[in-house]
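Per-chain residue numbering starts at 1, and chain names A, B, C and D are given in the order in which the chains are listed.
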Amino acid sequence: MLNELVSKINSAVSGANASLLTPEDSKLESSILVDAKKIHAVAEFLKKSKIMNALQAISGVDYVEFIEVVYIFGNFDIANPGQLLLKARITDRVNGNIDTISDLFPAADYQERECFDMLGITFNNHPDHRRILCPDDWEGFPLRKDYVAAKNYNGMEVFPEGKMNMADREFIVRQEMIKKAQEAQSGKVQ
Amino acid sequence: MSYTVPHNSFKKYFYDLFNAVKTTVVGMWITFRYVWGVKSVSIEYPEVREVLPERARMRLFNDAQNCISCTQCAMACPVDCIYISSEKLPEGAEIKKTSNGQSIRLHLTQFTIDTALCCYCGLCTTVCPTECLTHSHDYEFAQYTIDAMKYDYLAPDVKAWRDRIVKA
Amino acid sequence: MMNKWDIPGAPAEKPTHNAITEKLKTDLLTLNMGPQHPATHGVLRVEIKTDSEVVAAAIPHLGYLHRCMEKHCENLDYRGVIPFVDRLDYLASMSMEWTYVAAVEKMLGTEVPRRAELLRILTVELQRIASHLMAFGTYALDLGAFSPFLYAFDEREKILRLFEEISGARLLYNYIWIGGVWNDWTDEQLTRVSEFLDAFEPETDKYHDLVSVNKIFVERTAHVGVLSVEDCFAYGATGPVLRGSGYKWDLRKNMPYSLYSEFDFDVPVGTAEHGELGDCWNRYIVRMLEVKESIKIIRQVLQKLEPGSVMGKVPKIIKLPKGEVYMRQECPRGELGIHLVSEGTDSKEPYRLKVKSPCFTHVSMLPHMAPGQMVADFVASIGSIDIVLGEVDR
Amino acid sequence: MQDGIALTTLDEFLNWGRKNSLWPMTFGLACCAIEMMATGAAKYDLERFGCGAFMATPRRADLMIVAGTVTLKMATRVKLLYEQMAEPKYVISMGSCANKGGPYWQHGYHVLKGVDEVVPVDVYVPGCPPRPEALIEGVMTLQKKIANERLLRDKWVKHA
């Protein structure tokens, strides 16, 4: 079924380069990968041809070589219910951008803002391109794999040392060191 | 529940009026019936206490006498609030047994739980092989300072504490 | 007769309210509703631009409860995620747990025993009742009625007591585990469930008499915050919001998961008895009718239950194959989706866990609903979509 | 008896008044707020302690029950609300999250590790979420604290 959809997308949108991603395990979800530049045209095609009538979520996954934007569509048609995972890959981690689809699906408005907030993907032509969950002056994109949490925000310590149970953890570390030293010593003696 | 709205506006006016009075009186009557005949549900807490179910997950308690320092609870804990450290028993020391017959091969030197971080999920108690780590039914331990929430289960006063918490 | 009132110097006609307001030019006033506001159900902050008393625009500001749950899940093993999923929608923890657990089970290919599946349905439907009772109580509280809140909480406490007996906690249960459920229900507890249902069913009629048909309540909610089916599709709304607009869609019926295909129940949609389809009253009544359907389902579960094991075979350390899965389930507030990505069998942690929360979607509809409403109606609109901020901000 | 009988009695009278009319603020943050509502509802009935009149504004409240996770975005608002309250004011930190960050302490880049970073806390109630009884016990603990306050004595009597 997804194979048909791939050929349909390819014939309707030139340059979409749609391809089917099938996992090794048959229990898992197959998805369709399209070219990031053509995402708006593909979404328009899906909406116009009534294959999918609602956008459910936009999820982003940071594989370190590229960031994958996963558009999760749902078909709320009673006769033919279904869902589709449509993916686009962005390789540029600094200036990664993709076209917005919020003019087609208003649901994408907030979802894209969340995706920007969490993974730092810029959505071109978005009507209200701001952070949504983190404060506006937040630095970094938390769900990236290389994110390091800030130590301070607005004068508040994010990880105050007194609250982190450092003594208890140090105790464990010290015990391990003593144990190792003892083992090493006993090894030498023997 | 259902009614047909009269289209005549004059009639509708009085119908709405009648309807408003009627539904309000019905609602008031339902509330008024609670004055008599309905058993009070309030639990007068400090004097009367609700009997907690057997599985209730309140404060964690570790019976250090039965602990074999396997650190499985600390591994299972999703919030890392259990701190255990242990050292090898000196050679020739007597190996004690736990109440269910497992031998204690490590000397427990620290068993601390920070209840200010604990999320009371119960994952640590299910993995405990000797069932020494349990959820007690003790929920009344509000504190004035945050440091008092960290419990050392090897502290000398733990005996008295144990008698209070574990009602065997 | 010189004029209507027969007073010399008086105008021929009484000036109408509209004529005055049309002439008057008022500046937009910015009202900040929240984060601490009794009517926003938590820490939602809505920036409202009002033209006198009429809302011209509403801008929700989210993130006041952004607890970094998705980041945490990337650092926990698959069992340890369950307590964190609990804390998403804290009014319907059981449903949250089940969706996550179902996603893991689908990747793992676990066979869940029949009794465990039935018990899951039982707990989730009880949770749906508890959650809708809470929605009923707080919605009445928002609109100025206090006693429904007390009655709803009274019944809710009985459900929570049952949950506390089987799981050990009142609110955040960690009861549904990968492969089954934690504890079995005893026969005595199951009889108490049916006793509770027998006592509770007449109570729902009381709620209808008390609130649903009450003229004040109807006036506050009918024809307020109308959302058409097209709006719902455009914004991706699900659950009672979609059904309140009259679209008969329920995942339990349309894409049955678990054992729901065996059950006989109805999908209530907005009745338009008062107001019109898609307004606050219809969204409210869908919840109240769903409670009755849940009672129906639980009764059938109690008949179908047979003794058996409640835990399937699950490896001690769970490792999932490389790939991803998107799991949807019908939760009290709409469809919850869990997008779970695993990075192959050498990792014990999820690579990414994205939660598609129904409340987040519904909050995004507020700017569409608000313009043209009175401020008091806007409060009714927020209450009718029944948001839980833990799920919105995650 | 350095403090004198009159001041002691007056103090006791004031404390008695204060501790039996603690009006909390309607201020729910997260999961614990539901348990706070349950405490205010029929079964546990916080009103029995003179503590059930939930005020919608901080200006009229004496007690702030911080029920839930305080995030960095919310922390400034919590501080603002605390400062808006009139003296005497008390804070109960309810639940693990408000105590020390709770389950979100480890990787919570956006979670404040304990509300005591921004406002002074009088009583910490443990639990995640605490049972309604535990919250009542927290209120009682606070009442115990208020009963031993030395308002007038500290003001007028000079200690050596």
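Just so we're on the same page, a contact is a pair of C-beta atoms (placed from the backbone, for glycine too) under 8 Å apart; a residue touches a chain by one contact, two chains touch by 3 or more.
Keep in mind the model is a prediction, meaning the values are calculated, not measured.
**Q** Among all chains, whose Cα centre is located farthest from the one for chain D?
**A** In terms of C-alpha centroids, the chain at the greatest distance from chain D is A.
**Q** Going by C-alpha centres, which chain would you call the most central?
**A** Central chain: C.
**Q** Rounded to a whole Å, what is the gap between the Cα centroids of chain B and chain D?
**A** Centre separation, chain B to chain D: 21 Å.
**Q** Suppose each chain is reduced to the average of its Cα coordinates; what separation in Å results between chain A and chain C?
**A** That pair's centroid distance is 25 Å.
**Q** Hey, how far is the Cα centre of chain C from the one of chain D, in Å?
**A** About 30 Å, centre to centre.
**Q** Do you know which chain D residues sit against two or more other chains?
**A** Touching at least two other chains: 42-43, 73, 100-101, 103, 105-107, 109-110, 114, 128, 131.
**Q** Mark out which residues of chain B touch at least two other chains, giving numbers and ranges.
**A** Within chain B, the residues that touch at least two other chains are 41, 78, 114, 117, 119-120, 146.
**Q** Find every residue in chain C that makes contact with two or more other chains and list them.
**A** Where chain C meets two or more other chains at a single residue, that happens at 63, 66, 68, 71, 83-84, 154, 157, 172.
**Q** Quick check of your reading of the touch definition: is the inter-chain graph here a line, ring, star, complete or other?
**A** complete
**Q** Tell me, which parts of chain D touch chain A in their complex?
**A** Where chain D meets chain A, its residues are 72-73, 75-76, 100-101, 105, 107, 109-110, 112-114, 117-118.
**Q** Write out the stretch or stretches of chain A touching chain B in their complex.
**A** 163, 165, 168-169, 171-172, 175-176, 178-179, 182
**Q** Write out the stretch or stretches of chain B touching chain D in their complex.
**A** Interface residues on the chain B side: 41-46, 49-50, 58-59, 78-80, 114-120, 139-146, 149.
**Q** Provide the residue numbers of chain A that touch chain C in the complex, in ascending order.
**A** 23-25, 27-29, 31, 53-57, 59-62, 70, 72, 74, 76, 78, 81, 83, 85, 105-107, 109-110, 114, 118, 131-135, 142-143
**Q** Taking the complex as given, what residues does chain C use to touch chain D?
**A** 35-36, 38, 42-43, 63-69, 71-72, 75, 83-84, 87, 90-91, 134, 149-150, 153-154, 156-157, 170-172, 389-390
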